[in-house]
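You will see chain A twice below: alongside chain B first, and alongside chain C after that.
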Partner chain A sequence: MSVSPAVSSPHASLPEKGWYKRNEIAITPWLFLMPAMIFFTIYVIIPIGQSFWISFHQWDGLGEKTWIGTANYERLLGWGDQNMDRKFETSFWNNLRWLVLYLLAIPAGLFIALFLNQTVRGIRFYKSMFFFPFVISQVVVGLVFGWFYLPNDGLFDIITGWVGIDVKGGVLGNPNTATYGIIAAGLWPQTAYCMILYLTGLNAVDPEQVEAARLDGAKGHKMLWYVILPQLKPATFIAFVVTIIGALRSFDLISVMTNGGPFGSTRVLSFFMFEESLSEFGFRMGYGAAIAVVLFFLMLGFIGYFLYSMYRDEKGAH
Partner chain B sequence: MHSILKTSLAALVAAGVVASSAAADGHALAGELNIISDMSNPAPRAVMEGMAADFGALHPGLEVNLTIVDREAWKTQIRNALGANPPDVVNWYAANRMRPYVDAGLFADISDLWAEPAFEALASTKGAMTLDGAQWGVPYTYYQWGVYYRKDIFEQYGLEEPSNWAEELANCQVLLDNGVKCYTIGTKFLWTAGGWFDYINSRTNGYDFHVALARGEVEWTDDRVRETFANWRQLIDMGAFIDDHQNFSWQEALPFMVNGEAASYLMGNFAVAAMRDGGLDDTKLDFYQFPVINPDVDFAEDAPTDTFHIPSGAQNMDAAKEFLRFVTSADVQTQINGGDALGQLPVNANSSIDDDKFLAQGFDMLSNNAGGGIMQFFDRDFDAEMASVGMEGLQEFMVFPDNLDDILERLEETRARIYQ
Partner chain C sequence: MFPKPLEKSSRTWQISYQLLLPFALILWLLPLLAVANFSIKPEADFVNGNYWGLPSSFEAFSNYGRVFFDSNMPRYLLNSLFITIPTVIGAVALSCMAGFALGIYKFKSNLPIFFIFIAGNFVPFQILMVPVRDLTISMNLYDTKTGLVLFHIAFQTGFCTLFMRNFIRALPFPLIEAARVEGISEWRIFLYVVLPLMKPALAALAVLIFTFIWNDYFWAVVLTQGPDAQPVTAGITEFNSQFRAAYHLMSAGSIVAALPPVVMFFLMQKHFIAGLTLGAVK
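And then the complex of A and B:
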């Protein structure tokens, strides 16, 4: 049997390269991705699945779950002979108000960024002053605006009093104005955020293009619209995304400023979900989960649209 | 104050006050006793820390671990705390507020404790601790509700404490004619409106009706409920309440009374400390029982009770029960409810009440003039979800009384769903 060592010996010299070495190229990316994937699965993917599962149950968060099929959704969306839950209706429309009006932060941020994009003495100081509201906590913003809006003693009420306008019940105490009052408070830091995004974007604007446009006689808003803005497209995209996300995360401002009131008129879906399932009087985990699922699909629609338009743009660009 | 409390409690210990319980069982308590308390405001915190220290001193073999959680935060944290690895003793509230935890089997049944002779002194609160025929915790303090008013303003306009609704309305009219609001209130966090509903409803329709409504046995669209709201509306239409109250918390509504812009406040006794801090001494501040509306029904009073419970998963059940005996014993009750501690009413009938004008009046009122019954408060008597929807409706009613029909229909829809 002198053959076998002869056969095995070339193998014996090769296998110094282990299984990992042989598959290194294929496996290494996955190894690097692994920690993120594990945590993303445990903290995001699985809880989403659990939310779906819980939303088909009646559950107080403590005892046994009871399977009730789609009853939570029927109640929430008013399928069948029931009326749509009015709290849901209010929250949904408020969410839309937030989404639309919050976008004002983008042009406002752009305007301030253009205004501040110049070299004068102390410009860094002015920039940091404008950026300041984004640095302080949302809770502080909420408190400050809460005092600002106070009936009788608040600065806002005094100022509107000069022109003879009196908001009945105070801005935050009047169901018709409360949501807008909170959105205005939220716009303050959000505008600062967009401003910073545009300021960095403006640094990247190609001065040669501006020079060329100027030679061609472009100036004023035409210069802005046809030369500057297209170059700011990446900044606009990021500003758009963070603003949409900011609008959907309006929970803390609402909680601090009105606690969902007066009479629930400032609720948004995330606050409604918290209230139903996790707050002091909320023991309806199943119902809260159903709200979360609806909110999930709404956001998915938005984000899906963005991803699609981004994909389309990139394809068009090349 | 903390040190005063501690030394005085220590003195009690030295006097062998709790000798009875120590003598009752020969074997010493050992191991750990984990307490989670929501007594996070400065004075209650000192009381709780003092109690834990003294209980530890009584039982040298026992390691007492006290965790104090913010009172508001505890209202949502309790579920997690009771779930996995629960402590041995927790704070909570009486009546229906216990329901979710009792139904889920998270609170231990301590009926055996209540069967002990020493607990006969707590008989007045037994009902509030009973659900499904068993007791689930012990009370440690309670306080009366009523109308706190500016004595000096009443004297200025020659007003007397009203004893019936007509006098109440007449008083209010005089105050309004002089540019003073009758009542301050802050409804931003809703529950203050619940106090008004409790009183007007129980004075209009009686305690039994109120309890039936809380149990979901009566429709919200019932004519008797409408009568309650009609009475309430008389005050609202007069402009008796301060304007824009939906913007304020109960604390933010205090300055109106302190500054003399409003003459009175329907509140719990805990507000007295804040009013005194605001500069209202006993010559300016007084108290009266909510007046009669319907002479055919007896007085029912709000007197919310704060409690201790043993989670069913407690590791050291013996020590936990001993702690509940300790907390409810007559002398500890006297001590912790004193004016320099909690400043509220002791739950043990053998305790003495601090020599304080409002505590004395309150105790007298609850003992002798609350024949109808004792209510725990809107958000503790009603089902949790009914309470939250209900209080929101009450706030809306106080701002837009014309929306009443819509509000009642909404409440009725909720009631029908919850108590189906």
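And then the complex of A and C:
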């Protein structure tokens, strides 16, 4: 079995080529991935597992953890002979309200995007000013809307006063309206975000298709529904992802505007969890972790769907 | 183009559109205009119940002066800066490398790793809260800027890697093959071939992360406590309790706290929007 020297010579002329050089293409990606993976594992992957673990314990965050099995979940969800935690019930329903009402940002954003998708002078300025609220921190948005909702002196109260509506205790002081007031504040920046997604999408709409449809007599909402919206599908998908995640993550606004009140009526799961784990009532980390796990599972449904859609696209691209 | 271009519409709609635009904008930004108005009013206006009218005298200098010289605000602003800048650098650097690895090389676990990064992005913060706080305390980094920075880098790496990987995927691959044929080593390809082409992505990510981190409130409350390390989003609540019901100062403070990302946005608008709308167009 002799190898022709003519073939082997280029390799043989490089005997100093080390192990690393020979495996460079296989090893390099791992070297490049290493730092990101280490950080991500330590701060994201492992903590998810730890939260599950902690949720089966009673723990004040300092001393020893005591294993209590599923007691936290039983208390939270009302398994067995207990009632469901009232705070959990309120939080859960508020989360659903957030989820449903927050989605209004998508049609609202589309509406503004359609309104601004023109080529008049100064339109660029208008587009960026409409996007402006998204750049401001939610803490500031919350403060601003808090003043807007002030009882008696707030602009909202003054305007509703003209038509004879008086919300008792102000929008945020009334348990029946407080959550809706906060959601409205949240919709402001979120609509701006959806608007910018749709403006970008509209920019890429195929003008020939629009012209062809126009020649066929399509216009107005028919054109929008059958020609434009299908082309805006990627933008709509992202708008859904960010809006749903944003709705379930809502925390800043609630913390700043009402701090969960009045009478705990504006709690959502994320706020409830924070309150249980780090509030002045004591550190109930185990119970907090159990709430976080429930929230995680609620989100997992959505996350799974998003990932599946992305995975499909990824496979299609190959 | 949809909707129908204005030039092709009726004269009346053209004129009403032009009138409608500024009107709609003012309505949209009304909350902000109101705060801006608040921040230049004298205290007396609020005592007299003149909340929403024009200021009776122009007090911007004294109001903003007190924010800067009479409170912890400058400290909080500096803290925010020292948290935000290192996070931007760290997250962008890590994700450049990870994005390069996932975008260029073919190996079995490529897609699974990529999807772990994406999935981590969507996770609710609360499930990380207790363990991350615990970890930060055990590293003696509770109530320090470093503790916040390390976590932010790690968490933002998920989104950044998604962004970078997709950007690198779209680069012309023959360029890299050509470099390989020339015998250039892989890390040199990253440094001299890929990195220069990534400038727009770097700019977009940098402004986005700057805004996200500057505006973060949750982790600031979880991982820090006092004016030594707290960023301005958390500091503003302390500021507000210092000036309780002093709306002219609270509003001036809020504007100062919100300003840096706003400036960033207007300076780098193109990149910012390119980053945010990634994937909105196929």
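Just so we're on the same page, the second predicted complex is superposed on the first by the 292 of 318 C-alpha atoms of A that agree within 3 Å, B and C clash if a C-alpha of one lies under 4 Å from a C-alpha of the other, contacts with A are read in each partner's own complex, and residues count from 1 in each chain.
One rule holds for everything that comes next: a contact is a pair of C-beta atoms (placed from the backbone, for glycine too) under 8 Å apart; a residue touches a chain by one contact, two chains touch by 3 or more.
Remember, predicted model here, so these are calculated numbers, not experimental data.
In the superposition on chain A, contact is made by A:Gly264 with chain B only, not with chain C.
By the document's definition of touching, both partners, chain B and chain C, reach A:Gly61. Looking at the shared chain after the overlay, A:Phe148 reaches chain C, while chain B stays out of its contact range.
In the superposed three-chain model, the partner touching more residues of chain A is C, compared with the other of chain B and chain C. Of the two partner chains placed by superposition, only chain B is touched by A:Gly169; chain C is not.
Once the two complexes are overlaid on the shared chain, A:Leu278 sits against chain B and chain C alike. In the superposed model, A:Met84 lies in contact with neither chain B nor chain C. Contact with neither chain B nor chain C is seen for A:Val100 once the two complexes are overlaid on the shared chain. Across the two superposed structures, the residue set of chain A contacted by chain B and also by chain C is 61, 150, 278. Of all residues in chain C, only 1-6, 17-18, 21, 24-25, 28-32, 34-35, 38, 49, 51-52, 94-95, 97-98, 100-102, 104-105, 107, 110-111, 113, 115-120, 122-135, 150-151, 153-155, 157-158, 161, 185-187, 190, 211, 214-215, 217-218, 221-222, 233, 236-237, 240, 247, 250-251, 254-255, 257-258, 261-262, 264-266, 269, 273, 276-277, 279-282 touch chain A in the complex they form. Residues of chain A touching chain C in their complex: 24-26, 28-30, 32-33, 35-37, 39-40, 42-48, 50-51, 54, 61, 114-115, 117-120, 126, 128-133, 135-141, 143-145, 147-148, 150, 153-155, 158, 188, 193, 196-198, 200-205, 207, 210, 219, 223-224, 227-228, 234-235, 238, 241, 245, 248-249, 251-252, 255-256, 269-270, 273-274, 277-278, 285, 288-289, 291-293, 295-296, 299, 302-303, 306-307, 310-311, 314. Against chain B, the residues of chain A that register as touching in their complex are 60-63, 86, 150-152, 169-170, 172-173, 258-259, 261-264, 275, 278-284.
By the touch criterion stated above, chain B contacts chain A in their complex at residues 75-76, 79, 82-83, 100-101, 103-106, 188-190, 243-244, 246-247, 379, 384-385, 387-388, 392-393, 395-396, 399, 410.
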